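Reading through the structure tokens given below for one structure.
All chains are identified by letter, namely A, B, C and D, in their written order; residue positions are counted from 1 within each chain.
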Amino acid sequence: MDASNYLYVSALLFTIGAVGVVVRRNAIVVFMCIELMLNAANLSFVTFSRINGDLDGQVMAFFTMVVAACEVVVGLAIIVTIYRSRRSASVDDASLLKR
Amino acid sequence: MKWLTILMVLPLLGAAMISTLSKANEKAAKQLALATTLIVMAATIAMAVGFQRDNIDLQFVEKYSWIPSFGINFALGVDAIALVLILMSTILAPIVILAGWNEAHGGRWSVKTFYILILVLETMMIGVFAATDVFLFYVIFEAMLIPVYFLIGGYGTGERAAAAVKFLIYSLVGGLLMLASIIALYVMSGAQGGHTFDISELSKLTMSSTTQNLLFLGFFIAFAIKAPVWPFHTWLPDAAKAATPGTSVLLLGVLDKVGTYGMIRYCLTLFPEASKTFTPIILVLAVISIIYGAFLAIGAKDIKRLIAYTSISHFGFITMGIFAMTTQGHSGAILYMFNHGFSTAALFLVAGWMISRRGSSTIADFGGLQRVTPIMAWTFFVAGMSSLALPGLSSFVSEFLVLVGTFTRYPVHAIIATFGIVLAALYILIPVQRALHGPTTPGNETLSDLNLREKIAIAPVIAIIVVLGFYPAPLLKVINPAASHVISQMGFTDPAPTNGDK
Amino acid sequence: MTTSTSLVYLIALPLAGAALLLLGGRRTDKWGHLLATGLSASSFGVGAYQLLQMLGRSAEERPVSQKLFEWIHVGNFNVDAGLLLDQLSICFVLLITGVGTLIHIYSISYMSHDPDRRRFFAFLNLFIAAMLLLVLGDSYLNLYVGWEGVGLASYLLIGFWNQKPAYATASKKAFVMNRVGDMGLSFAIMIAFATMGTVSFTGVAEHAHHTSEAALTGMGIMLLVAAAGKSAQFPLQAWLGDAMAGPTPVSALIHAATMVTAGVYLITRSNFVFDAAPTAQLLVVIVGAITLMFGALIGTAKDDIKKALAASTMSQIGYMILAAGLGPVGYAFAIMHLLTHGFFKAGMFLGAGSVMHGMNDEVNMRKYGALRKFMPITFATFGLGYLAILGVPPFAGFYSKDMIIETAFNAGGVKGIILGCVTLIGAGITAFYMTRVIILTFTGTKRWDEDAHPHESPWLMWLPMAILAIGSVTSGFLLSRGDALVNWLHPLFAHHGEHEELLKPIVVSGLALTMVAIGIAVAFLKYSRNEVAHVAPENVSVFTKIARQDLMQDRFNEAIFMRPGQALTATLVATDNAVIDGTVRGIGQMAMGSGSALRGIQNGFVRSYAALILVGAVALVAAIWVVVQ
Amino acid sequence: MTFTAPVLSYALLSPMLILLGGALIGVLVEAFVSKALRPAVQLTLTLGSILLSFMQLWRIRGEQSLTAAMGSVVFDGPAALLQGSILIIAFISVFLIADTENFTALAAALPGSDEERHALQSGNQVTEVYPLTLFAVSGMLLFPVANDLITLFVALEMLSLPLYLMAGLSRRRRLASQESALKYFLLGAFSSAFFLFGAAYLYGFSSSISFSGIREAIVGGGGNDVLLLIGIAFLSIGLLFKVGAVPFHAWSPDVYQGAPTPVTAFMAAATKVAAFGAMLRIYYTVFANAQWSWTPVLSGIAIVTMLLGSLVAIAQRDVKRMLAYSSIAHAGFLLSGVIALNKAGLDATIFYLLAYGIATVGAFAVVTLVRDSSGEVTDLNRWRGLGKRSPFAATTFALFLLAFAGIPMTSGFIGKFSIFSAAYESGAKGVVIAGVLSSAIAAFFYIRVIVLMFFTDATEDGTSVEIPSILTRATVIIAAVITVALGVYPAPLLNFITDLAIFIR
């Protein structure tokens, strides 16, 4: 089976994620979409690693997961604080700063 | 002896000493400033004595490496043109301080700040004319704006903030255009054997005519704004109206000269071809400035604005003389720069005294001053006469040289410009009639005449105006070699008598 | 050419006087006027001395020159402050200093009550110095200095009582219209330099013959413009009438005897230009002819005695200009009339001053009358001047004016006849209006205001008048005896072949006298027989009305120059603010506007920021794609 | 199978390791030291470790052209300079951070809750900001020396994550502060996703994650250009986001305004240095040979960035937002240095980064000084007449503004000149012209602020300027002195940079 199909999948996932970030309101969901994009990137890493026949890509993928995990920690921390002080997780409510 | 550096350092020393004074001690600040400027003047004259007339090379040359990685040097040196202008600036400085003894009061900041700014400005006025390194010139050209900006905005009257901003923005825009050209020159010099900012080196650069034209414009517009040449002039009346008389004198008398000086020193030397290309357009602008400035002066209701507009007209003459490309025109223009410094100084200082006494700068508020304050009135009259270039006063020599020099190559321009002398009669005599003649208008009966300090301040100016009117030879002897050198460098020779092509 | 070291004193003495009195201030009030008079007199002394010296030398040795100092040397433009005293300028030197001194003396008494008498004398000295520089300068540029110098002095003296707004305006008007003339002079100088490379009289004289006629015509016309400005010739004549605002001695010295004749000097001095430029010369004649009629006509309608005299001055100078325009034959006569006119017109003006002095400065002749009895000396001197200007033999005018009329007729062809007739008619009209002046002022019944107590003026005033009167009796005879003046000036001008005489001199004199007689007769019929109205009657011919308004000259100038000028100024002021400054402000507004518009992007919604990034990403890829393709 | 232990050459990593060490200790201090001592200890610890790492950096600056950690980190001249700049900026920023007045006593507490009030009254001030700063700094140090995609990505996150948190720590206007944190975080993460995706495609193109490998692949050609171009594009997005270039700038005004001013100062200055450092390395070495593809696009972005930044800044009424937009404009200027792609450009950019960074810290430091009872006053209209009430604040702020405007005698002018001339030399005339033009526009609003401070009189609700803490004052003075010094006599630094700044490939 041609490996490049995985690339198409990853591109698709990435796009879905990107669009999701733009269209969804709930901060958590937005964040999930970003995670989706990261994993799309991971998928293409792995695919390329397969195509190129070396392991660097997979190593990279592992690192990405770790970093993503850290991001989750920080991200959730922020989102939770906002939620507590605003009683809402909608990113649109947080628009004091503008112009 | 490092004359030029000394000249530049002295005012700074003075400023430093003043800054140590207490705010309350205003008198000391004034006296210190006056003393400093007097010393500088003496030093300048001493230097000028040692100047070799017939040597067309730069003299008193100094050169210190400043930013080697860009090939920038702190390089100074003067030719006749620069020398004359430095002389003018340093003579005007003490006069301005003495004349405007009390004009720092009523400013936003302390008196001592005012004099610190003035002295810093003097250093820059000397440096801008003495710089022989384009980068150094640009740095001073721009940095100079800041003290003036604060002098106008901090100590001026009326719409001072707005005027200051207008002045600064105009100048900065011009400066940035010049910066673009300078960058281009710098890069080209790098491509053609070593980054440098030395004028003489840069003048050797080879560049396509298109490039040369563009770079020329970059410089010229900057200078045309400074000078100011129509249509880049609208900042001047506002600035002159808002600024204190002393500041206005330095602004119109010295700073604006940087524009016309730059045209000679940079536009002509660096871009001879482009200068030739643009000469027709520039001459037209110059003629427009002459006539236009005169008409607006006639229409002016405010005495300071009026003087500003007359200057626009005079700068038209200077620009015309520069680009007429004849020795007469050129020498005339340079002499004109010097003379204009003093005739404008006279006008502005006396006007300043009138205004400070009357508390208004509207011409209509004066009237019959000749009866109330004869000395002040007659001083103003003499200043006015020199501004309309009455023979026997200094401006006549320069103005006539410019006209005759232009006529030999561009008769039409000269003829149109000559109509300016009729308009000049109007724009001087109208305020003279309104302010000095006629019955004394209510509120003026008690005005006081000039006091001793003011007399002492104005006397040398009038003296210079009269003496140079009858005996300009000493200055011309200095100027001529430089002028004809520029002309010949441009590859021009004075048109020979045509005998009407018979 | 002989050189001298003493010429400079001619100018230096009065100049020193002016400087001293102006800078000295009130301290010099007590003796200032005496000093000024003394200096002007001593200047006359120097002049007389120079004349004696000159007489002692042969014709070609007579011109004297003195180089004072290097003035303007730039490239091939070289002008020194140099003086030239030749047969022509000596005439002027003596006229200026002589009449000048007399008028100084007169003014001592005339101005004795004026607080600013010292300043007045300072200005008089300044004028003398400037006028001498005008006639002594050895190049057009030096002349130019004197030329504007006298303009300045005239401005200061016309406006001497400038607390009266009208007077201030008059002085301004005079200066500005003179500046128009000066402009012509500077054009002439530029042309001279551009074509001949020199501006000195001798230099131009040398080059003139191998310079194109076109250039010379241009220069000539410009010189004519200058002359018109200074000498109140058509079309720049309008200022002279108003110039009477000045104190009467000023009118006598500056606006009758000396300054206004500078135009004649300029044209005669530039004979080498005009002789080589027929067109310009013709224009000179035309201007002269027009002005002489113009002035004469105005003179007939003026009730203000000074204005009447001023009009007559205008017309008399018209004669001189016309004569100068006739070329070599005319120059000498122009000068002769200039000198005689200097005497009698100055005399009459001083007379007028004396009358005003007696009548509390009343100038309206309709309020005079029968003054003969009360101021006999004034009447006598004035009368002699009257006879002189009419050209009654053997008075001065007879010699000078008849010569001009005669030469005019002999100019040849139609031109000659027209000019001859014009000059003749002019003579007639002159007779009319001068007689009118005499009748209204000295004869008839009293029409004074109550408070008028006419009395004869003190000797300080009538002495100069008397001396001038003598001059106006004798000068003509002396100057023309054995063609004295003609021969004296002869070396300066091109030699000219004898014209065929159209009319014998005697015939011309006959015609002239007839015209004069008619003029006198008409005047008598009109004014002596019937009572003169106290105020100018309104039921007069349109012609008179127009004449009273100086033939509409002011209206013309206002309509053609002043109003359009003011309109233009207003427009430019508006444009400067609206268009030029507006553009600048507009650019500022634009930046502001676009700035606030772009702020809109920053709407605060994180999702739209993300969208922006997304769009940017796509755009970036697209851009790179485009670039690569 | 033999297993060789990796050579790390710790010497070269030591600057970063020291900071990380400091950070970890800081965390422990936060946990165990009594709240009375905590601030002092944290401050000394932070400053100490920064100082130490700087000294270490100075020691090793000579040992150029060495790679560490199996070539995943490269240490060359530019690296030394950039890390040095970052450390200097960080050092003076910490002075500002030390003014705890700006930070919430208890980030976890609800805004306005009793909990918070109590924490405040009992002086129970948490100081986690110090270790966070140190983490961020170490990330910034790593960013420009990273030599493969992994390190680059890790460094990116290492410097970003602490900043996300720090942005939310403001004591006053906490909602805004938290909001800015959220925005910064979401958008940051979003952009790093693009970054990562780009990295993946570069890997796909070159079958290598090391810069040298990618570069060789580009030089060698023959790869699939589509992958390369997408890679370049997406990787660039990540970097451009960090420097705040249009259209990836939207976050910066909001975050600059919302974050505590000391943090704003720190990230505005230091992040730019780090990000541009990384950009320089990547574009000058890795992508150098693909320049035909990206220079035009980057030029376009540079131009838009300059103009938009300057234009919008005119319309701002809040000091911090105005500075934010001005920093956007400056990002544009700096980009023209990247585009130049020549030695002059490299030197110029490095000089500019340091000069601009220091001026920025100084400017924000002044902002922290201008306060009233309810904390900082950032509304420009209330800055009227500041010159009267606080000459020190007004004068220094004016100086920094003039430096931003590029007026001669200030570091800003030298920077502008050198960077524009470099760009011109590379033939990017359009960029230079746009730069000059936007400088003119920019001058307009800088001057407007100066007028506000000096030439207009204060409104009745005059802003009171609190006596600044010694440290803040020190920051301002140091920044001012350096700004002037670099403007008047920049030769030494320029020479130093010129000698040192050579990338090893």
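As a working rule, a contact is a pair of C-beta atoms (placed from the backbone, for glycine too) under 8 Å apart; a residue touches a chain by one contact, two chains touch by 3 or more.
Predicted model, so just to flag it, every value in this text is computed and none were measured.
Looking at which of A-D and B-D shares more C-beta pairs in contact, the answer is the pair A-D. Nearest to the common centre of all protein CA atoms is the CA centroid of chain B. Our note on geometry: chain A versus chain D, Cα centroid distance of 25 Å, whole angstroms. Centres computed as Cα averages put chain B at a distance of 45 Å from chain D. Rounded to whole angstrom, the centroid-to-centroid distance between chain B and chain C, based on C-alpha atoms, equals 37 Å.
Chain A and chain B, compared by their mean Cα positions, are separated by 66 Å. Across the assembly, chain A contributes 18, 21, 30, 91, 94-98 as residues in contact with two or more other chains. Among all residues of chain D, those that touch two or more other chains are 182-183, 186, 190, 194, 253-254, 444. Counting partners per residue, chain B has 169 as the residues that reach two or more other chains.
Interfaces, counted as pairs of touching chains, are A-C, A-D, B-C, B-D, C-D.
Partner chain A is touched in their complex by these residues of chain C: 599-600, 602-607, 610-611, 614, 617.
Of all residues in chain C, those touching chain D in their complex are 588, 591-592, 594-596, 598-599, 601-602, 604, 606, 608-610, 612-613, 615-617, 619-621, 623-625, 627-628. Against chain D, the residues of chain A that register as touching in their complex are 7, 10, 14, 17-18, 21, 27, 30-31, 34, 37-38, 40-42, 44-45, 47-49, 51-54, 56-57, 59-60, 63-64, 67, 70-71, 74-75, 77-79, 81-82, 84-86, 91, 94-98. Contacts from chain C toward chain B in the complex involve residues 69-77, 81, 141, 144-145, 147-149, 152, 159, 162-165, 168-169, 172, 175-176, 179-180, 182-183, 186-187, 189-191, 193-198, 207, 210-216, 568-570, 572-573, 576, 580-581, 584, 588. Looking at the complex, you find that chain D touches chain B at residues 347, 387-388, 402, 405, 407-409, 413-414, 417-418, 420-421, 424-425, 432-433, 436-437, 439-440, 443-444, 447-448, 451, 454-456, 489-491, 494-495, 498.
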